[in-house]
Structures are given as structure tokens and as C-alpha cells.
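These are the structures in question, set out in turn.
Each of the next two complexes has subunit A plus one other chain: subunit B in the first, subunit C in the second.
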Partner chain A sequence: MIAQGDNGFFRERTDTCVTDNGLCPGWVVDHLDRYTTPLLQHVFLTVTSVAAGFLIAGSLAILAHRRRWLVGPITNVTGILYTLPSVAVFFLLLPITGRGNLTAIIALTAYTLLILFRNILAGLDAVPADARDAGRGMGLTDRQLLWRVELPLALPAIMAGLRIATTTTVGLAALAFFAGAGGLGEPLEAQKAFKTNVVFAGGLCVALAIVLDAMILLVQRSITPWTRAA
Partner chain B sequence: MTAAHVPPSSAEPLEFRGATKRYPGAAEPAVDALTLEVPAGEICVLVGPSGCGKTTAMRMVNRMIDMTDGDILLGGRSVREREPSALRREIGYVIQQVGLFPHRTIAQNIGTVPELLGWDRRRRDERVAELLALTGLDEDLASRYPAQLSGGQRQRVGVARALATDPPVMLMDEPFGAIDPINRERLQNEFLRLQERLRRTIVFVTHDIDEAIKMGDRIAVLQRGGRLQQYATPAELLMQPANDFVRDFVGADRALKRLALLRVRDVDLWTEADIDFRLEVDGDGRPVAWIWPDGRRSTSVTVVERDDVLRDALSDLLQSQTQYGAVVDPRGRLQGILSVELIHDFLVPEAAAASGDA
Partner chain C sequence: MTVLASVLDTFGDGLDFIVNERTGRGGGEVGGLSANGDLLWEHLKLCLVAMAIACAVALPLGLWLGHTRRAAFLAISVSNIGRAVPAIALLFVFFAFLGAGFANVALALTLLAIPPILTNAYVGVREVDPDAVDAARGVGMTGPQVLRRVELPLAMPLVFGGIRTSAVNVVATATIAPLAGVVTLGDPIINPSIYGEEGRLGAAILVALLAVATEVVLAGAQRAVTPRGLAASPRRRLMTRTRTILAALAALALMLGVVACGDDDDDGSAGGGGSSTQAAPTAAITKNAENASTTLTVGSKNFTEQKVLGEIYAQAFAAAGYKVRKELNLGDEQTALKALKGGQIDGYPEYTGTALLSFFEVPTKDLPKDATAAYDEAKSRFAEDGITAFPPTPFTSSNEVAVTQETADKLGLKKISDLDGKSQDLVLYGSPECRGRDDCLRGLQNVYGLKFKRFVPVDIAQRHEVLTNGDADVSIVFTTDPQISRNREVLLEDDKGMFPPYNSTFLMKTETADKAGPDLQKTIEAVNKNLTARVMQELNARVDLDKETPAEAASDYLQQFDLVSAGS
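Up next, the complex of A and B:
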């Protein structure tokens, strides 16, 4: 490319920066587009996996809340899933689900289950016994008690679980490229010797985790007004 | 009246018929063949030491606990035939810890059962406003959360919530147990005034015999194992305890407790003819001084009112020089004379008869 005017001067300096393997903001500005798709993939993987994990763990927690004997087995199974190395899970799944989003999402979802299950169950268990007793005594059915009293009161713990699960998943999704699902790990891996690239791709991961966390926190504040009323 | 006004349902009688609760593996039943009737509009207090089954007995009424044997009839109808959640919506329920929903505003808490019954928003709001006024709560509290209220206010909200659909029967489990003594007394008095207007049939559980005597139209004393020892009015219970257990439970000071239930006007007062000295009164009939047989005049006259509680009157008499008191009406005019001896004879009629024979 031929340098022109002011830009040319800038670009020349950038190029020196790149050859020196320094931290080059100019290079980033010029190559932003190569991060757009991986970032969107990363968001998609995170949101989909946490949402799927939330539905599964939520159902399991509600089930175990009423049938206490299920708590042990569910904790054990989700605990094992949580301890498996994620890259190993990607490779284990490859022969079954092939390369792509499905494999990545299954693995990432499996990681959220233990965190979400434990938090939702802890939230349900922390509902004051007197509120539950008064609710039943006033004629709420089990289902009404769950949706009108227990789940709303469990929201602070549930949202705390969602925050941990989301930030964890943002980190793990950086490995999703092993499963062929893209994500910010891909550009990071592609030029892992180039400092600017590594720092920027990594920084995007961190920023994404912070932004998603802040969004969940905002939602939590707006749906639990009573927690700030004391 | 507003559209929200709930036409007062008539209170219904409640009858325990051999109601029994036996837990598997337990040596003795928690409630043993409890049989008693609560007339419509009366407060029945279940009282006894912890583990006597009083709360279990109460919770069998709205099927929070299911009986293993016997029956409970509400308005003549067995609670066993009723679907539990439908039954519970017709029975007010107040517990010691109140159990307000922390995530719902005071208005939403009070409107819980109306909401379950499908009342529209306007009708609920109007009923909430009525109940706040009825229970002495400021209407500004409607939009607050329970955590923003004091213990006493929360307990009032608990009562308001239980009254929301004006249920014919209310169950109250140590409703004032967690309140400090001064506020407890106030809440008890307020509740009794409320009950005078509402006339609900109430089952009231407490471990405190003084509270039982104060609140109850009838008191059921239960012993460990859920065995009914005596079912009587407070006065009967204090005068004629059925057995040693009841005598011990009501306490050695049961005579004093009875005095707290009685008023000066309940006693057949003496007139001047009954005593050997005179009481001087002024032109308006107000007592002024005692005139002793030897002509001595004493202006320290202990005065009690007809409506005074007998226990307070006795306390005044014991502190006076003479142990005699002048009883006056609210305008201060002499009605008769009360003495320590007279109170004693009133409390122990047999003793009075015996001394009369002698």
C-alpha cells in the first residue's frame, strides 16, 4: 500500500511498531474488522450456553428443591462435568456432534450447570420459612408458592449465579475454536506471537465479561427493588 | 360504603370432634382426641407448655397438618372434605413471625388472598386502604416493603392480611409473641377492640397463661401429648381448676389473676349500714372524710371507681390506712364502700358462708 499525506506518516510508524512486535493501537484500528465476527461468535456462544444452562439447572434445582434426595446425585453429576478439562470435552464430543457451534455449546453449557444449580437451589433454600408457611397457610398452591414467593425471593442468589456462570463462560469460550466454533480465541491463536493481537483479543474477552456482568447486575437491581428498601 | 367493602360474613362455629394427630414412630399422639366447641364469634385460646400440641391442633383446622383420626367441623362442615388451598383461603392465618413476603409491598402483602381469588385491582386497593385504617396503620405504608416497618407495624400488617377477605374463622399462632411487652399490651388491646366489632371465630395459640386469660372467651388447657385438661371460661379456670396440672399451670397467683378479670362494680358493695363508722360526703355526694366512732375525722379517703379493675382497687386499699375504700361513679359521687374483707368474701364465697354460720 502506498502511503498518502498524514495517514502515510502514521501508517509508517505503525508498521515499525508491528515489526518491533510492540503494542500498536494504530494497527488495531486498521484491523478491527478481523475481530468483529469472532466477538459476535463469542457473545453468541456465551449467551446461548448460559441460557441453556440456566434452563436446565433451573429445572433441576426446582425438582431437587421439592425432592431433596435428588440434590446429591445432581450435585455429583454436574460436579464431574465441571471438573472435566474443557478442551478434552471438545475432543470427546467431536466424533458425535462434529465440529461447530453445537459441540462448543454443549461443552460450555455443561460447565455452567454446577454453578447455576447450586446458586438457584441455595436461593430457594434461603427463602424464609415463615414466608413459606404464611403463603401455604393463606392458600397458595405449591405452584403459586414457587412462582410468586420462592423464585422471586431466590432472585438475588440466582442472579449472583448467573453472573459467575457468565464470566466463567466468557473465559472458556476463548477455547471454543478447538471445536471449530470460532470466538475470540481464534484470532488470538492465529497470531499468538504478535503482542498487539494477543493483548487486544484478550482485552476484548475481559471487556466482554465486564459488560455482560454489568448488564446482569443492572437487570438484578431493577427486578429486586426490595433488597435496597431496608 | 365503597365498592370494596366486604359484607361482613357471619362468623361460623368450629368444632373439634376427637381430632387426633399421631406421628409415625412417636410413642404418644401429638394431639389426643381433642373434643371442644368454639361458638361463632368467640376467641378460643389453646394454651399449654411447649410440646403440648396446641399449635398442631390449630394447624389441623386449615389442614396445614392433616389429622390421623377424628374430625374438625367448620360451620358444620368437615374440613377433611375440603380441598386444602380453597379451605385455607377462607381462614385467616396469623403466625408469630408474621411471615410477610419481603419482596412484596405492604399493599401487595395485604392483597394476597384477594389476588388469589381474582379480585380486580381497584377492589383490592380499596380493601387495602380499609384494612390499613382498621388496623391503625398509616396509608403511606402501602407502598413500602416489610423491611421498612417496625415489628409492631409488621404484626398489624399480618393481621390486616389475614382479615383481607373477612374470613369467618381466624387462626392466630402466638401472634404477639415476638413483640416487646409494652407494644404487645397495646396490640392485644387493639385486637380485642377490633374483635368486638368483627366478631370472628378465633383459635388463638399461646404459651402465656396471662395472655390466654386476657384474650380468651374460653381457654383450653392442654398437657404434653395433646391431652385436654380443662376447657372453660377464664373465670371458671381460675376459680375451679380441674386438676393439679391446671392449678399449677394457671399459677399460684390465680386469685390475683381473677382479680384482673373483675371490676369493682361486680362486687356487692357495702353501704354505711354495714360498717361501724361514717363516711362524710359533700353537697354533690362526693366522699370527704371518715368519721370514727370516737368522733375522730380523717380526710385521707381512698377512692376507687366502679369501673376500676378489682386488682388495682385492692392494691389501693392495701396501701390505705383503713383498708376501706369509697366507691364512686365516674362523676365522683359515692356509690358504696369496698373493703379488703369484702373482696376476700367475694373471691371465696364458701369462706364467707362459713364465717356467716359461725
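Up next, the complex of A and C:
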């Protein structure tokens, strides 16, 4: 039935690392390009979601810092968002926002809120009363006090929250392919029985988490020099 | 506001799925309290097993390390590392190395649950006021007594907090357990082809409620085990969550409503375009500039052969000058047909036998035995639905009942009917949709009268591994699978004619096909001509064994047989 040109089309297969489903570093080196787009999507989803979460949680924390009665309700609402399984959230959002980045980013952002809100608020609350008094004594307005005294002193706690939120989001973004937003979960799932693939794609997620974590740590060190002097 | 109404409608359907049984897309009964109750029970069982092992391991270790203040670095960093490893990666690593099944998934979830429990137990004990410990020693308590009567009660809130974090996480992750062969509440979410979109939404609602319930129950338990002296401290205010939970859910619903009024159609599904190449005169498929005004979205089902075929058609259409988009992972045949009828895709390859059985529900006794008759019947039935079935491929790829050589020898199996009287001791593995198909579990039950010890639905990509690793005694595979000869599997002869011919025919809405012009059929025929069983098996081998992408295999095929010019 093979009419034409089948010379060389049918391969002789010997047992190799790849056909035997082993761990094959050589295969990874030859197929790195399969992971570049998903990795970039993963970074995009993580950075966008954490950034959006940071803006929202930061605003909420500043609000709750001044109006204490808000702490309970905000903690409860963000707590429930944190509890909902992300796969469920993707599909609960699907009828409303459709498949794609938007759905994934909304869900991932929702997860960061509790972590970030708690840490930013804890940081603001831990600012020594003396520092606040000194600021007021210098004639700072409420707004100036917040930006020049309270937020800088709360930075270590804020950055600690940012690190936890980022690491968590990298992990959850591996599920974003369910929402049609790609990410490293896509190649991970595409060949989930291929050992080399699951180890490498899973490893990339972990490596991304570590790299982003280290980057935030570096930023934190450079913007809070006083924490090292002590 | 019509958008809001339709969204509410969709959610209403989801809720309806939870309480009312209905006929699923594959024909079986799905949904309803009883079926969902079974899924819920499996979900809980998985979580309870994982949590029980995790607590048994991590609690004593964490408490002891905290008491002796040893290995601080290990106890703390284990939770940081744990956070960085995505749950789905952990699940797939276990899946790839150990295979599918309850025990392996439970083990993966256990590993997921350990870090928070361990770290919290450690920190909880270590952070106990040293004065309290000194006082305890002062009154003459021994080390174990100090741990049991002073440190543990004081550390209880934190220790329990760790268990709570783990439990919520495990409940969430058990949702994706069906990807590794355990049918939990996540099954309708992952296999909407069986349960329908309303099943997916209903299950998503159930899973969300289950996670919230877990959180609420454990928060209550945590309050109950917290010593009275600590309970009054302001830090414990978080635990009065139950009271405000309804208010918060209402707020959420309101938010959903607001978002719903926002934007409605944001379909971010990206389709990669095929490369447009200038075809050399020798190629069978040549570029026609007139076709550029026609966009064709090519679909496929979710297994290797389908993805390869989808890629081949997509690349061939692109070479003929059409604008091409791809949706090459649609799920099972019902999903693909729905996508075709709904206009989400313009065409996809389907097997004549699958069409006759699954779409047109032809009884086994009326199935055509020969390939041409099967195609003709499928073609005329599709025509009634306004769908054109293009001339089929030479190869046929049937479902097959496969066992290992050892099993065949041991039980003396040659034909499917040889399983009679033995099947009750055998475990059958098949894809999730196998449950409801006449050329799969349902046919084996109805046509052959077989009852298996267990049917385990597993991802279709695992159909050979489950035989090799011994999980399955019997597995449903495809004729064109290269693993059959490689793994020395034995295909049991279909002696009662359960399987019709399964040649692949490209389906398209007739309306779309007419608009696409004469190049369409020419391209499909050129592509099909060389798709023999041997070629199809080679293409499958390139993806399944050599781990090439379907796109690479497809491109090689088109060039090898001079369908497109080289270098595209």
C-alpha cells in the first residue's frame, strides 16, 4: 500500500533512554525549545498576578490599618478565596470570563490576597509607637507618616509576604493550563507519563520559584539596608 | 443584563447536576446525589488516607524536633521547599514513576501534606514560653511529661493550624487526582466530555464547598483544642470565621454578578497558524492564493494518533494556502462533535466505527463488517446532520482488548470470549469515556456478558503502561499502537463482532466545506492516500516512543511523501 517515498521513513527502533522512558538529560538539552514559551507564560502569570494582588492587598491593608473594624471582614473574605481550590475557581469563572489569561490571573490574584494582606498589615502594626510619635513630632501628616515612616519600617514583613505569595503562585500557575492560559503545567501534562519530562518541567517550576524568591530577597536587602546594620 | 441572566442560568444548570441524575454524553447515567455522593466519598477517602499517614509521620517528628530543638533548619526549610513544588508536578512525578492508582496518588498527597504539619508542630513546640517549660521542670516533670502536659497543649493552636493548612491543600489537590486514575469529585471537572459542562460546573461548586467545609470544621476543631487560657488572646480572632462566612459568600456572589456585567466574550484560545510555504511544483499540495480568505480551525481528540492526524491536516491545509487555526486536544468524540456542530472547530478526523457506535448508536448486530460499507453508512448519516464525511484513510484503528503475553499464556486467552468465567478476577483499565461506550466497557458487558473485578478509568496515554507495570490485567488499546509489538502484548480476537471498521474520515460542516472550494477535498485525499496502518503506526511511534511532538511527526510525513515541498 505504501506507494512512494517510504525509504527511510520507517525507523529501526532500538531501546534508548527515551523509548524506555528513563531520565534522559540529553533529550532535555535537545528539546529545551519546548519549554521556553510555557516558562515565559508562567513568569507572566506569576508576576502579573502577584503584582495585582500586591496592589489590592496593599490598599486593603492600608485601609484596614486606619479603620480597624475592616480587619475581620477582609481577613474572612480573602481567607475564603484562599481556601477555594484553584481548579474549581477556574471553572467557576469560566462562564463569566471565558478561557484564557484573564481567568487564570483573576484566580491566581485571589490566592495572593490573604497572604499579602496579613503580612502587610502585620508589618504596619509592628511599627514602633516611638517611630510614629517621632514622625508626628516632626509635623508629618497622616499620609506622609504612612509613606515615610510606617511603610519603610514595615518593609521586611511586606517583603516576607511577597516571597511567600510569589512561591505559592508559581506552584498554582502550574494549573493555569486548565483555564487555557498555558504555563509550565501544559508541557507537564502533555507528556505526563514521560519521566524526563515531568522531572524537568516540575524542576523548572521549582527553579523559577527559587529564582524569583532570590530576586525579591535581593531587592529587599538593597531597599532595607538598616536591617543588615543591626 | 442578558449576560448576567445566561451566567446565572449556567450556574443553575451546575446546581441541578448536583442533585438530579441525567444521561451523560457517553450514554451512562451521571450526576445526582447518589453518583456525586460516590465521587465525594472517594474524594474524602483519598484525603483521609493521605492526611492520616502525613499526621502519623510528621506530628511525632515535628513535636520531637521542637522539644529537643534539633534540626531547626530542616524543620523550617521543608515547608519552604514544599511550597515551591507544585502539587500537580508532584502528582505527575508519582504517576510517571509509579503509575496510576489510589495508593500512588495517596502517597503523592501525603508528601504534599507533610511539610506544613511538620513545620507547624516544630515551631509550635519551640515557641512555647521557656518560663513555662522551666516551671514544669521545676516541679519535677520529666522530658516526656513536659512535652505532653505543657508544651503540647500550649502548642496546640499552631500544631492544629498546620493540619488545617494541609487538609485544605489536600482536598484541593485531590481534585486533579482523576489525571492519575483516581475518580474523585474532580472527575466531572477533568472529563466534561462525560458529565457535560453543567457537570463540570456542578463539580466545581461541590469541590469549592468541600474545601470551605473542611476549613470551617477544622477551624472549629482547632478552637476546641485550644486551651482556654490562650483562646481569649486577640490572635485567635481569626477563628471566629464561621460566623461571617455566609456574609462573605454573599459578597462573593455579588462580586461575581458585577464581573458578569463586565465583559462577556473573551475567548483567549490561541491557535498556532501553520507555516505558509511556497510549494515546489513537485509537491502534491500546492498553494492557492485564493484560499487565503478562508480560515479553517482544525480540531482533534485527546490522544496521540488524533493529535498527529490533526497536525497533518492543519499543516496540509496551510500548504494549500488556507489560513489555519488548531484546537488539538478536545477530549473525547462527544466533545469533538459538539465543538464541530457549535462552530468552535471547522473539522476534525473521526473513525467510522466510533461514529456509528457513539453518534448513531447502531446496534452491534447491525454493524457493517467492511470498511467501505462502514464509511458509506457513516457518510449518509452525517449528511443528515449537515456534516460532510470526506473519503477515509486506508488504515483502520480499532479499539482492541489487550493483555500481556504472560496473562494470555496463563489463562489461555486468544479471543475476547475466552475471558468468560475469568473476567471477575481481572482488572480492566480504559479511558474515562470507555465506561459508556459500546465498543468498550459497555460492549464487553452487554455483548460478551463479561463482569470485571474492577474498571479503572485512566488517562488514555497510560493504556500500555498499566499493562507493563502490572496494574491492569486487561487494557483497551488501539490497533495502530506501536507499543503492542514492542511490549509483546496480545490482542484478543473480537469473535462476536463488537468492533466495526475504524477508518479515519475527516468531518466538516457541509456549509464550511462548500465555501472552502475544491482544494479542500483534493488536499484531504492527497493526505489520506499514504496513511496506511504501517505509516500510522510509525507516526504514533515517533510521538509515543521517540517523544517527538505531533507537529514534528506530521511535518515529516508531509515531506516524506512529497505532499508538500521540503524545507517548510
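In this text, the second predicted complex is superposed on the first by the 215 of 230 C-alpha atoms of A that agree within 3 Å, B and C clash if a C-alpha of one lies under 4 Å from a C-alpha of the other, contacts with A are read in each partner's own complex, and residues count from 1 in each chain.
Here is the rule we go by: contacts are C-beta pairs under 8 Å (C-beta built on N, C-alpha and C of every residue); 3 or more make two chains touch, one makes a residue touch a chain.
Bear in mind the structure is a predicted one, so any value in this text is a computation, not a measurement.
Asker: Here subunit A is shared; do subunit B and subunit C fit on it together or clash?
Answerer: Verdict on subunit A: subunit B and subunit C fit.
Asker: Looking at the overlay, what does A:175 touch: subunit B (first), subunit C (second), both, or neither?
Answerer: second
Asker: So in the superposed three-chain picture, is A:164 touching just subunit B, just subunit C, both, or none of them (first/second/both/neither)?
Answerer: The second partner, subunit C, only.
Asker: Check whether A:192 is in contact with subunit B, with subunit C, with both or with neither, and answer first, second, both or neither.
Answerer: The answer is second: A:192 touches subunit C but not subunit B.
Asker: Have a look at where A:152 lands relative to subunit B and subunit C in the superposition and call it first, second, both or neither.
Answerer: Touch status of A:152: first partner only.
Asker: Counting touched residues of subunit A, say whether subunit B or subunit C comes out ahead.
Answerer: C
Asker: Thinking of the overlay built on chain A, is A:19 touched by subunit B (first), by subunit C (second), by both, or by neither?
Answerer: second
Asker: Just subunit B (first), just subunit C (second), both, or neither: which does A:224 touch?
Answerer: A:224 contacts subunit B only, not subunit C.
Asker: Compute the least Cα distance separating subunit B from subunit C in the superposition and give it as a whole number of Å.
Answerer: 24
Asker: How about subunit B: which of its residues touch subunit A in the complex?
Answerer: 62, 64, 84-89, 93, 95, 97-104, 112-113, 116, 144-145, 147-148, 158, 161-162, 171
Asker: Provide the residue numbers of subunit A that touch subunit C in the complex, in ascending order.
Answerer: Contacts found on subunit A: 1-6, 8-11, 13, 18-19, 21, 27, 31, 34, 72-73, 75-77, 79-81, 83-92, 94-102, 164, 167-168, 170-172, 174-175, 180-181, 185, 188-189, 191-199, 201-202, 205-206, 209-210, 213.
Asker: For the complex, give me every residue of subunit A touching subunit B.
Answerer: Going through subunit A, the ones touching subunit B are 128, 130-141, 144, 149, 152-153, 155, 224-226, 229-230.
Asker: List the residues on subunit C that touch subunit A in their complex, please.
Answerer: Spelled out, the residues of subunit C in touch with subunit A are 6-7, 10-11, 80, 83-90, 92-93, 95-97, 168, 171-173, 175-176, 179, 186, 189, 200-201, 203-205, 207-208, 211-212, 214-215, 237-238, 240-241, 244-245, 247-249, 251-252, 256, 259-260, 263-269, 394, 459, 461-462, 465, 486, 529-530, 532, 534-535, 538, 541-542, 545-547, 549, 556-557, 560-562.
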